[in-house]
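As written, the chain order gives the labels A, B, C and D, with residue 1 at the start of each chain.
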């Protein structure tokens, strides 16, 4: 069983009628719905319950999914640090869309994580750059989202380990829409689609990518906690 | 003085009137013209003189620029191997456009170097992904080419050391248009713009990028030739 | 079932008594023995049968293992090119020890693949640099080989995707002993231990690493053959 | 003129006689001495003056050098964040030895930055892995330090952009002793030699490496501050 925990700040859906129309139970509910299966169970957290993301919880979480936008600042530094530490100790994590500016993502990247953006509801075409990557399985040469928020380069991230997808936008931008990183024992996937005003997370291709990413990011092995040990000479131990 | 050698197969310009109209003296002549300066001298080779690309020549070349398309196969394997070896020993090299399928590029990459392509004369917008890179200096957020051949992903290259530019095409594709690689002592830059039927190499931004790439790729130091030596224990030498 | 093909040039074992004493049936026989299982079947090729490594054979091979030393030159270019192409199309490959100078490895790297070497039978200690990597599972902080040929830096390879192991030698050298690369759809692992005069391939840790690498390198998906297609505009297809 | 700022916590030298014997004016004084030249000026900060590392100061700093060990925790988070931000905006930075656990390094890496360590005064041999790298110029195949603290793998860093040096220790460890990273506009070099009880920073090779790294890390261009702008469609701007 893969234990997934979703964090969604869950503000837009309660404050904006047009978002509520798309995600009446919250973005997390839609993601949880398509992920839940015989092999995956899902637990959800929102900004209201963000402090329940404890070290205990994280220890039993295989993969976390993070969606935030308006209140990145309201996530306590200690919670973000716990999430970063859990990733370093092997938990996988998937950052969606505007989570590029979330604290855990910035803590893990070490860069500004800025990008340029436009809200014109452009059509986005997401191109597969690495067809052999496990995250791209079941995705063809590209897939289209009729409307998405436009994200543009430069995207302030370290050179990714792998660029799996690049997005093309009707209005003229490009964006590295699917990128992987490793931090100590943990795997990280950033995936750009997902504006709250569009039904992105109902899209079959988006769902396939996120599900693939869960399988890819789950820790394959339980390793000892990271430490900085004073050691003896090899052989004297 | 930076010693640049340009290889252009120089066939399209002599066989096709519409190409000759754009590049009457050949693509190499236009590139040589804008590169030549107090700091850069330029020598040109074509398919007719490809065998003059000897080890001797390459030893005094700092940066090579390669353009080919129709007759990659007519470049002898030995010449391509010499070029590869020169790069390994520190010569910089810039591959332009359809040189993605040239023998030296394929020898240096180890991948298939395939891509998808369309010849509809799409407008291309080239986005700067790494603004701090020396090759991007003087280029703004993006520049536009009114017409270019469309190249699309997946591009069959190893994950580049740095993706400096990504191209956006009017008709819907994206492409990693500016990529760097290192092979032993040598630096490599692949730059996608450049179809023979369009005046791409007269474009000021394209010229800036190629000139920047020459400065970036030139070897900073002369190092001993690469060998695989049988050594003594450190200290016994 | 994972289909493994081993190539071992099989010359040392037939020409040298001291090698024959360690590997009476050839290095390939020992590797085949410890790999064969309910999940892995193994086929072997030697220099005598190298031309039997056909495209047909490679199409049904999941992972190839390559050992060569004295007669890299005797492997026909066409065979090496077939192996390279198979890797590009998704076959995994593991290069052992002196295969750093084999044609397929050099074709895939694009670098000189040189290193420095000493044959003093030094003790080697192989350190795990990425403990979370699937190839390192079951290996502790390090393992020791009482005697191995010493390989030293600089190792003429592109910056690896991942450095999994680094070797330490009694006499004073270091070496990136376990490195991964990707070329198109295919995964590559280079593993340094393995001199023919020492019983390296009987070592349990070495066997664990090679077995892990087989599982890691096997293609996860069957993808269409690589091509360079002329395409229509997205949407017109 | 390259403006260098050195931070040294400057505690060991004032608390320990044996350290004071090696660095009577502090480690920073020795580094400042060998760096100062017609092309480089140097300013120093210690833990006592760490709050003077303001945004103003950092704006006029080209390259920072960081040495800390006992009181990483005493560097305020805001100061560390300023340093991180300055790197993102283009300032180069060199982290020495035990600065692997400093706040700015951890903020920039996103990993745990742990390592294993021994204080037996082992001889260290530092091997050049990338001889063509500007930081390795003037360094031969290797250099030796008669006594250094031993650092061992695994080193908890992201896969470096370039591994320039690997250290070998008499007692049996290896360590990626010279590594480069990029974070947004800024260049980072980590260099392992440097224990406070040994005269490491008087060593000519160590000085050459640090001086080379200053030239390598200095920002080549002044770029606009990083932002996350809401943009108009290309062409409408």
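Brief remarks on what is shown
In the analysis below, a residue touches a chain if its C-beta (ideal position, glycine included) is under 8 Å from a C-beta of that chain, and two chains touch if they have at least 3 such contacts.
Not measured: the values here are computed from a predicted model.
Counted as hops between touching chains, the shortest connection from chain A to chain D is 1. The chain pair with more C-beta contacts between its two chains, of C-D and B-D, is C-D. Computed centre separation for the pair chain B/chain C is 32 angstrom, with centres defined by C-alpha atoms. With centres set at the average Cα position, the gap from chain B to chain D is 35 Å.
Of all residues in chain A, those that touch two or more other chains are 116, 125, 131, 152, 159, 161, 172-173, 184, 234.
Interface residues of chain B facing chain C in the complex, by the touch rule stated above, are 84-85, 88, 101, 107-112, 114-120, 152, 156, 158-159, 161, 171-173, 181-184, 226-235.
Across the interface of their complex, chain C is touched by residues 116, 125, 127-131, 141, 152-155, 159, 161-163, 166-169, 172-174, 176 of chain D. Only residues 90, 125, 131-132, 134, 137, 142, 144, 161, 184-186, 219-221, 223, 234 of chain A touch chain C when the two sit together in their complex.
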